[in-house]
Amino acid sequence: MTNASRAASRTIRGWLVRRSALAILMLLIVSFLIFCATQALPGDVALIVLGKEASADQVQMVRQQLNLDQPVLVQYLRWLTALLQGDFGTSLVSRVPVTDILLPRIMNSFFIVTLSMAVAVPVSLALGVLTATRKDGLADRTIMAGSIMVNALPEFVLGLFLVLLLSTSVFHVFPAVSLLSPGKPIWTQTDRLAMPVITLILLQVTYLYRLVRGTVIDVLQTEYVQFAALKGMSPRRILFRHVLPNALVPAIQAAGTIFAFSVGGVVVIEYVFGFPGLGTALADAVGMRDIPVVQAAVLVISVTFFVVNIITDIVSFMLTPPGRGGRN
Amino acid sequence: MTPSLSRRTGSQSALVRGLRNSRSLIGLGMIGAIIALAIVGPALAPYSPSELVGVPYDIPNPDTLLGTDSLGRDVLSRFLYGGRNLVWMAIAATTLGLSIGIAIGMASAYFKGMTDEILMRLVDIQLAFPSVVFALLFVTMLGPSPLLLVILVGVSQAPSVARITRGAALGVVERDYVQWARAVGIPTRRILMSEVLPNITSPLLVELGLRLMWSISLLAGLSFLGYGIQPPNADWGLMVNESRNALTIQPWAVLAPILAIATLSIGGNMFAEGMSRAIGRTEGTK
Amino acid sequence: MMKGVKVASLGISLLDGTRIVHDVSFAIEPGKVLGLVGESGSGKSTVAKALLGYAGPGARIGSGSVFIDGEDILALSEAERRERRGRIISYVPQDAGMSLNPGLSIGTQLIERLVSGRDAQNRAEAAARIAEVLTAVRLPTDRNFLARYPSELSGGQLQRIGLAIAVVGRPKLLVLDEPTTALDVATRNEVLKLVSDLSKDMHLCSVYVSHDLGVISAVADQVMVLYAGRVMEYGEGAQVLGAPAHPYSHALLRAVPTTLGRKPLEGIAGTAPDLRSRGTGCVFVARCPIGDDRCAAVEPALVVKGASSIRCYKPNAVEAKTNIVPLPLAKARGEQICAVRNLVARYGPLDVVRDVSFEIDKGECVALVGESGSGKSTLARCMIGLHSNYDGTIAFCGDTLPRKAETRNGDAHRRIQYIFQDPYASLNPRRTVGDSIGLAVRHFFPGSRQDVLDAVRVAVERAGLSPDLMSRYPSELSGGERQRVAIARALVCKPDLLVCDEPTSALDVSVQASIIELLRGLMADGLAMLFVTHDLAVVRSISDRVIVLQQGAVVESASTEAIFSAPATGYSRELLSHALNVRPAIAS
Amino acid sequence: MSDKRTIEYLTTTRRNFLLGTTGAVLSLGVLPGSLAFAADDAVTLRVAATGSNADSLDPHRTQGQITDIVRFMNIYDGLSEYNPDASVGLSLAESFTPNADSTEWTLKLKAGIKTHDGKDFGADDIIFSVKRILDKEHPTKGSALISFIDPANVTKVDAATVLFKLKDPYGPFPDVWANRYLRMVPVGFDPAKPVGTGAFKYVSFTPGRESVFERFDDYFREKAKVKTLQIVNISDAAASINALRGGQVDMAYKIPFAEARIIVADQAMKLLNNPSAMAIPIYMRTDVEPFKDVRVRQAFRLIANREQMVKVALAGYGAVGNDVQGRSIAPCGPTPIEQRKQDIAQARKLLDEAGKAGLTIDLVTVNGTSGMVECAQVFAEQAKAAGVTINVKVTEEAAYLANYGNWTFGVDFLSDAYLPVVARSLLPGGTFNTSHWNDADFNALYKKAVSISNVDQRCDVIHDMQKAEYERGGNIIWGFANTLNAYKAGLAGIEPYVVDSPFYHLRKVSFA
């Protein structure tokens, strides 16, 4: 081990510690914000639990049962303490532990996001490189136009068209609704995941490939790529050894962001396909004012964001040669 | 040519140069067409947007050229009325998002140090909430008013604009003309506005196109979830949402607004890309 | 089969048909170095790359041949050319730091060419060859060294890696594209020596491209002077540089400063012609002191006379002026306007300027000399408050200045002005020239639009520019014009002290000369100047006193004459000894 | 609406039928994958309905979403039940016998009723269930319906007989037990391991996702025809229809009116049009301005063009209302009151008289059941003719409920037979009394009606009540909405219900 690499590993450890500490601090802030925001939701959960037939006495009773009559700060501290012990609380609406409701949803969301990314990342890299090397060619223009079209349609419209195309009207290849049997493992029911996964892939690829394309074009214009050509390296080797590795870091950063975003941010897509994911769980919980579920779901989404960010930063750090620094 | 000190000449000619690019012209044309449609549309509408003129989901016929919607209202009239909300909201939200993002990004890049750190962490916190989730929470809290939607969509766009701006501005703030302005004591706000900002327009224009698309998509998505513009308003996003189930029996109620929305999105994108290409080329990237 | 390199009628155009290189021909014998000299835009780098059959995006090689040991590279297919690159012809880039892939270890970048392609060697053979070449360029050969990344090496090491990569495939033709421009003088001289040695030892034909006549005179056997894509003069080095026949070669030489004496520098008026809008006459006619109607009407042909060629109707018409006419030295010291006391400046935990003290008098030019990393630029930035992390004091007209520019008062802002190194970065590309200068006027002397306009016009004219330029954008100006704009912008502030941070190092010599003369003229009006530079020849031309910095500390401080005639310290002597001057003697 | 339009309406239907055929032909060439998600086997009946994470297996503690009701109507039984025509039949009960003034009712259970865990079901279980429903500690939806019962006065006579002693006479006692929230559960009922007497028994349950049940072979009457029942949550109407089209489910509960034509156009699907008792009243608070003045209320009722509202808001799937609750014509037959028609001139006149001409007011509605938002929009449009400006406010469900009962002018939905609806929506203290109507005469009539056990006599009183509603009530009952369900062509045993739903009687459904 050289001095330089030892120094680098020492810095990466220190950097990682600092980075994680910061993430934890920010998560605390985020958790507080989440708590405040959710507590401020109007509408009384007791009323929703009871429906419109509730009488004032009944409402008061439910409120007491749910600790809703405690001061907000007390509720927050209780929530945080329980959270640190791994207890996300109990759903106000269904009276089962929040984890029972969210855990399967989280697994589902992570599964389809991972599945879609497993396709989207290689496809984006391939398309990005292909179109960058044939910049302004027919393929580049066509793919770019297609990606702009896809992006210009609101997500649910895209989903709608895909359902018409693949499920109900033109072809009947995939089921339109992701009716997952909760009893069976999700990976045994892949046909039912096809539609949301295809939609996710389309959205991810159209974003990611453009980024890869831009980066590859930038790298292709660097002096070191020109020098590699003047050295007599083959275009293949230039592409794979000189261009691609240097275009990878921004792509990985973006892929991380997309991953984090897709886990909780594609409510609309989950909704269109009736997919039992984190996003719909959250949207439903907001509608039901099931505050513990909302809090846990939003927290999971932000934790995902920070964790994925740290992971992509570490990967970027690893891929970035020493001396140039892993930090942006 | 007479010597001129006017800065307006400068930006004008940049605009003119940008518009020589066919893409930006077409894009501007598309945006202009949709804005024009949104403005003059109501004057052209044969019926009032809420008037009940036929049976639900009637197909196009001489009385209702694009058929009727779920309540038997004239799709054409609703389409002609429906642009105003989405267009102004999308444009306002994008403008707001860009303004906040640019302000944060430039301040972060210029002041560096603690300011940078704090601002970027704020941006991280905001980014940790996906925009739909963010909007969902606040719309539920405060009720779906157009102004709130604009603010929410705008604010949720700001972080990524801030990051892009910061990235672009980091290179610019080190440039000697900015340093010179600092050295001669030009006020910071003016340095940022007239020395830094004009030189990061290329990435920001691209971002403008992207943000416009996102704003439209987000507004429409919120409509879909029932958190957007509320009935009985005529609104393109709402129209799509109201009639989406009937796509197979009365496609126009969905397709007409989608086409308009997509045209606006694509137009914004093309304009931005064309401008950035044109400006990038004439500035000579040195 | 003919040994060596023979290039005939090489022509290169842009894809839109604009010809950027016209009819270049030369021959190089093994072991010899051809120096390709020209100012920016002369097409010298384009010619260099074309020797590898490479035209770069947007251009193509239109005509001509490049024979290397009898084989015409330009007649080959792209795949065949690729096979030759790195093997038959090699290229050394200007800035190895930029030209080496930051993501690959230098070992990989050294070996990848050897182990790929049709003539691939096995790894062991290749490794042995690499060790041999690294030894030749005086670099370590151990595994740890090879495992390093470009960012972990110094500039000199990188440039040697660039050289090693070029020669590792045992080429016959070595193309060096300004390989020493970014280096400090000591390292530069080492690399130059390496190039000479390698050429001789390996019987290489070399093409050395540079804008620096001193470097060319040190390294080249033959010299070709290019202007606007055309050969102006070509011949033996001693001849072309010692007794130039072409008015352009002549003018270039007169613009070059020297450490040997304080001579007036003569710039070449005007700018190089636009490649796209060219008349039918001689390309140099607009700037030529002896051009006439015939020159303007019909371009002269390249006339071959023995070993040399020249493109001029009136060769040798300009009188040679080899002996240096010294400038009168500065007057007695005047009133002190600036005093730096015990300045210690830091970057993070690192002291980059250590305990520096000096004064500047009214109307005096103090030169701050040092290699890169000597802290000279940091010191200059402290002067105007752009670098505020320092201890010690900077007093201006008796008042101690606050550290940060933001906290200094308007008077300090106005009276100390700064000229930046890179004229491309010092002007806001979104402002017209008039607007950029007007910004300063409006800031310091708010007035009516007409007053501002007048002030700008006066400054522009004083900086030697036409007022027509006021409505142009920086991108429409040449480097020299931009630097004049920057000077005009400083002048409208009516400064007392001008801090110049290597204001001419990014400029061609002909432009540098005129900028130096412009600055000298300003000093005559009482302006004091702190002139930061690494170039001793420029120092000798302009400064009254010299402060030599080494690693942030003052090594020597004395009058210009004293330093150049009798340097008191070893370091000063060393610096001086590294200076390369164009001397007829070198060729002999 | 012109005849021409109607014809075009029909042609559209044919055109879409053709489109559908094209799709089917195209799909023949495609993967056999479409078969993969057809039924696992024909013994599982898959039903899509709207639910949420609040899904529950407890028939008493529920928020009343469709999935819950479908579930507990099929795994538990009531004492009586609604027949398709809204008449009440006996279910667990063998008989209900009142004393002379209807203050004591004797319930006799059928013989041989078994619970899912094999035990006999009897009087103790009934008493347990009644107490559970009336448990003050755990408020339930059903409690309001039988609040006239004091649990302390419910006594066991023998293993199959229970005696209810009431404070006041209650005539329609047998009918009340048909309500969906009054399911009977065995003693020691545990919602985590739900045991009932119903035609299906519990297998698995995931709230918000799906639940699975299997046929209960010892059911006390005709057994279910399918072996397994799977209830899946699909909240989005379009998704329901798509799932049905794609063969992922066999029956779908939620079909919005406007989209019914998609089902009609598709031969593989059948539309079930239940002429339900559901009214979508627009209520006006009778205790505050501007509706305090009966003239304003009557004016608003005259504004409504009921035919248009039914045609547009319900896409024609419904019947015109006459500002009188309870569509159910059984057992009293249609009201003798003349149908109210739109009369803008009269409405303007009344408003002028009340000094409320040119009124502007917010109408609050919610995306609850199909038709609620639509009818508000149609009414707002019609009101323009009378110079009244109505701003429709579509609120989120939670926000609507948070202020439920306090809105001045809003839209609600109610579905039940006449007297139960009156009890909760037209009497002071009724939880659905959104119009805050408190009419002394009407209250007295109600009291009289419930004390009469003779049906014909009761109907006379009911007609008087309806007259009072018609003349002074606070609701614009412009129409009754049908409930639209869809199912796969080929299913048998599905018939329309007025109050209940075929989804509540899935034991009758079979694969033909």
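Just so it is clear, A, B, C and D label the chains in written order, and each chain counts residues from 1 on its own.
Going forward, a residue touches a chain if its C-beta (ideal position, glycine included) is under 8 Å from a C-beta of that chain, and two chains touch if they have at least 3 such contacts.
Just so you know, these numbers come straight off a predicted model, no measurement behind them.
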| item | value |
| --- | --- |
| Contact-richer chain pair (by C-beta pairs counted) among B-D and A-D | A-D |
| Between subunit D and subunit B, distance of the C-alpha-averaged centres to the nearest whole Å | 45 |
| Interchain centroid distance [CA atoms averaged], subunit A/subunit D, Å | 40 |
| Whole-Å separation of chain centres (CA-atom averages), subunit A against subunit B | 23 |
| Chain centre separation (subunit B, subunit C; CA means) in Å | 47 |
| Residue list for subunit D, restricted to those that touch at least two other chains | 19, 238, 396, 398-399 |
| Where subunit C touches two or more other chains at once, by residue number | none |
| Shared-contact residues (touching 2 or more other chains) in subunit A | 41-43, 160, 168-169, 271, 287 |
| Contact pairs between chains, per stated definition | A-B, A-C, A-D, B-C, B-D |
| Of all residues in subunit D, those that touch subunit A in their complex | 19-20, 23, 26-27, 30-31, 33-34, 36-37, 52-56, 63-64, 137, 139, 141, 144, 204, 206-210, 232, 234-236, 238-239, 242-243, 245-246, 248-249, 396-399, 401-402, 404-405, 424, 431-432 |
| Subunit B partner contacts - residues on subunit D that touch it in the complex | 1, 5-6, 8-9, 11-12, 15-16, 19, 237-238, 241, 256-259, 261-262, 265, 308, 311-313, 315-316, 367, 373-374, 376-378, 380-381, 392-396, 398-399 |
| In the complex with subunit A, residue positions of subunit C that touch it | 49, 52, 54, 56, 82-87, 90-91, 93, 95, 98-104, 108, 112-113, 116-117, 144, 147-152, 165, 169 |
| Touching residues (chain side subunit C, partner subunit B) in the complex | 384-386, 405-406, 408-410, 413-414, 417-418, 420-422, 424-432, 434-436, 438-440, 443-444, 449, 452-453, 456-457, 467-468, 470-471, 473, 475, 489, 493 |
| Subunit D-touching residues of subunit B, taken from the complex the two chains share | 50-52, 54-59, 61, 70-72, 140, 143-144, 226-227, 230-232, 244-246, 248-250 |
